[in-house]
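Look for chain A in each of the two complexes below; its partner is chain B in the first and chain C in the second.
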Partner chain A sequence: MALATQHPGLRWLPYSLAGAAIFLAVWSLLPQAGIVPSALLPSPMAVGKTFFELTQEPFAGYTIQQHLLSSFIRFASGFGLAAAIGVPLGLLMGWYRWLDRAVAPIFETIRFIAPIAWLPFAVLWFGTGIGGPILIIFSGAFPACLINAYRGARLTQGFLIEAAETLGAKPRHIITEVVMPSALPSIVAGLRIGAGVGWQSLIGAELIVVSSGVGYLMVQGQGNLATEKVMAGMVAIGCVGVLIDVALRAAERHFRRFEQA
Partner chain B sequence: MSSIRFERISRTFRVGGQLVPALADIDLHVDEREFVAIVGPSGCGKTTLLRMAAGLDHPTSGRVLVGGRPVTGPGPDRAVVFQQFALFPWKTIRDNIGFGLKCTGVSRAQREPIVERYLKVMGLDGHGDAYPHQLSGGMQQRVALARSYALEPEVLLMDEPFGALDAQTRIDMQEELIRLSRVHPRTVLFITHSVDEAVYLADRVVAMDRRPGRVREIMDIAQIRRSEKWGELPVEEVMDLESFNHLRTRIWRLLRRGDGEASGHGVVDNPPLRTQPAQKTKLRRAQ
Partner chain C sequence: MLRQETRVPVWLPGTLSVASCIGLWVVATTFEFVGPARLPGPKDLWESFEQLMDPGYAGGTLPQQVWFSVRLVLAGFAVAIVTGVPLGILMGMSRRAEALINPAFLVIRPIPPLAWIPLAILWFGLGNGAKIFVIWFGAFVPALINTYTGVRSVDPGLIAAARVHGARPWHVLFEVVVPGALPLIFTGLRLALQASWTALVAAELVGAFYGLGRVLMTAARDIYPGMIAAAMICVALLGASMTYLLGLAEAKATPWRNR
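Up next is the complex of A and B:
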């Protein structure tokens, strides 16, 4: 088949579909056969139906699209900030030994603090404003952004740097035109990891500090014992997470196109 | 003012806590617009010598002067052509060639005609928008040459620039280099494993010993080259000349003799093939 030869990945599509089908079947059977009470585990059908309803009727103030949008805006701000600071700082630390030595000890200690551990301070400093969730996403995404930019910079091939130096490149040229492009695949890999952690931490933050967003929707659902709403929120989180990753993976492929050289 | 002078150069490396002398007491000069090739076994320090002129390495004692000034670091007045080409894989051919100009503050509008000219000179027309990995090894090295030439440096430092090319391409590039050096004479320091290449290209050939690296002998062949008009002949014709073969054999004997004294075998990477000179260039660096 032309489609299958053009997209060799399609060969495995039946297996992916079968896996999903089995997962959904087991999930439906558990509550239906009475093994698990349906109040504790809503069936996929119920979750799907609720999901559709949430797109039509506001719950906890907004429709699920609006909740997702406000979550995504928080995510984008926090993640953007983490990338905007983490990537350049990582590159510079890879280039300037003194900066590496100055920042590394503090950074290495702070990065082991789980993002959610910042919650008390997020509340204390920002109340229920947008600053709290941003702080939490930032602390989730920042380490991966920085570490991978740093590693990418350190792995820049020495002879390319030497070639640039003999061509009259000053440190700023070397950083922007040699080290950064050379580190790009690693940077994008870091952004992917950072985005994943950031998106996860965001939901954690929304469970507690805000009054809109998917996390908030889930907490409200939990309060009403509407497990299918909670589950619908989880589905939405998963789907948006996949979309973010797909977008960054496409970017990664784009930047890896020189690697066959 | 673009001569290169190595004055009483010594260089020791620290290997596993031990000091290993790599170069000892090197006195060498390359006059303005002279082409000097250094041949010698692996580990004789010839690349280290070139890197010192480039400002990428520094002598333990002694000093390196280029154009009368001590070398303190790398700079665009001394272009380096590397064996592994060292092109920027994420830049187009055009941007690779223009990179040095960009770094030295030449505006885009001024860069363009220069880049176009060197695309043409190097036979790279129509490849300006390609990326390095899309070109063959020979063409990539042409890009590297163009990138160096675009800065119009007075000094060219070439570290086995054709070592990674196949025999045919290598010979083409050697002819190319001869042609270029007629049009744009430069001070050239050329490192090679190939005695043929050194004799074919250089005004003077420096034969080096190793452990520690020392200058064994310097052979002046500028006179013969000029009187027999080597520069105007194809490579195979030059390699067929009695004078060429005589020089080649003499250098091989020198290098072998040094070898015999030191360890008895295998110092020179490219063993001589006396009967078929043209094939010898097929023997590539083992690394």
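Up next is the complex of A and C:
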């Protein structure tokens, strides 16, 4: 145990390496040994090769970078909208009791609808171009943005607000100068959760209605029975998801440090 | 935190906002400020429900479609519990198992469950197998992560105390570790249940022969807003009632937390 506490990662590293090796070996050997047809489960090498080809030759209209870019633009617009509305609304609900009581029943009802179930109306109202997918991402990311801003505002220390009031701050200033900074870590955590749900909802929307983006690439791959293209799409989705999460995690750490200072 | 006190009665803002939303909806659809091709009115909604109940829509009546979807969710959710919770306990109890399994888990985890749908269709076709696979996937990850966190959060002192008093590993597991982790396990199950519904609706939207997602997709193709809204209400109600039932189960399984 002493060694483990001194070098927590080191002691179990052989096991992790073994785990990774077993995972890759099983994945490569299953199709190679003919246990699973390689048309259904291409080996990691084949997926990597296809991924590289997709960056060079267009499939389903575009190269994979272009698909990723159009997915990401949709994601950024929908997520930005959700944050721009959800965070201020959550903060205000944390501050004004009447607003909380007015919005909560509607919000709690709508929240039970899975984001992807908005798809038919999203298409009907805003079309399949960029408007419809934005609504889907919005409905995925919005609840987490609002709830965490609300919680953050509610957890603001009472004495800080009292101090600001004693010094003659107006409610508007208390919200921007006291409540918002103290709620920041919770807000950023909410943005991270919302980004994850929004990204996944976008993929769902792209599978069904949209005619560009990584989800569309995967559906086309599925239609052509090209399993390796589908899996290359999954790899791309996973990587972008991780990158978004890493960026927001860095922001979260930054604000937590700021909070302690 | 201190909040702005107002003289408004507690019930007033909520009632007002709900009433004005419903009022706005009724007025906008009755006087057709918003056309019936975009937003269904109360009458359209009612008629859609009637049609869904009696002759049925998209290949079945409402109870048939609901039963079809609920069955799939329950099957996928059950498989996810049976696989995710024990694996989470194993990874929480044994550092070795954690280090061994983690690499594979780290590769698979960032891929959202909905991104598995095309692969699931390639592997299992458009039938039930693909849906159960996608639901299992969506529910498995939160079930495992929360179980693992729950097991790790059990006070090591309690485990040591049980060992000192001569408890066998099995007793430590079932009398100390599992009860201690139970609140977080249930948090995981609640997240898993929500993920199951999302995955099912998405999988049925992509391709299905029956189910509520199929109703939703057929209504979208027919540009039939009343039916779209009816199907959405059904999905939301079912999700809410299953979450409620899980809450009841949680209260039963962890009676010490109710006090």
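One rule holds for everything that comes next: the second predicted complex is superposed on the first by the 236 of 261 C-alpha atoms of A that agree within 3 Å, B and C clash if a C-alpha of one lies under 4 Å from a C-alpha of the other, contacts with A are read in each partner's own complex, and residues count from 1 in each chain.
Convention: contacts are C-beta pairs under 8 Å (C-beta built on N, C-alpha and C of every residue); 3 or more make two chains touch, one makes a residue touch a chain.
For clarity, every value in this text was computed on a predicted model and none was experimentally measured.
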**OP:** For A:M45, select first, second, both or neither according to whether it touches chain B, chain C, the two together, or no partner.
**Re:** neither
Original post:
Is it chain B or chain C that touches the larger share of residues in chain A?
Top reply: C
**OP:** Kindly classify A:E162 by the partners it touches after superposition: chain B alone (first), chain C alone (second), both, or neither?
**Re:** both
Original post:
What is the contact status of A:V103 with respect to chain B (first) and chain C (second): first, second, both, or neither?
Top reply: second
Original post:
Now for A:L81: first (chain B), second (chain C), both, or neither, which partner does it touch?
Top reply: neither
Original post:
Once the complexes are superposed, what residues of chain A are shared between the chain B interface and the chain C interface?
Top reply: 162
**OP:** Going by the contact rule at the top, pick out the chain C residues touching chain A in the complex.
**Re:** 1-6, 8, 10-14, 16-18, 21, 37-38, 95-96, 98-104, 107, 110-119, 121-123, 194, 197-198, 201-202, 205-206, 216-217, 219-220, 223, 225, 228-229, 231-232, 235-237, 239-240
Original post:
Along chain B, where are the residues that touch chain A in the complex?
Top reply: 54-56, 73-76, 78-80, 82, 84, 86, 88-91, 99-100, 102-104, 131-133, 147-148, 151
Original post:
Along chain A, where are the residues that touch chain C in the complex?
Top reply: 4, 12-13, 15-16, 18-20, 22-23, 40, 94-99, 101-106, 109, 112-121, 123-125, 153-158, 161-162, 171, 179, 196, 199-201, 203-204, 207-208, 215, 218-219, 221-222, 225, 227, 230-231, 233-234, 237-239, 241-242, 245
Subject >> Interface residues, chain A side, partner chain B - complex >> reply: 159-160, 162-170, 173, 177-178, 181-182, 184, 258-261
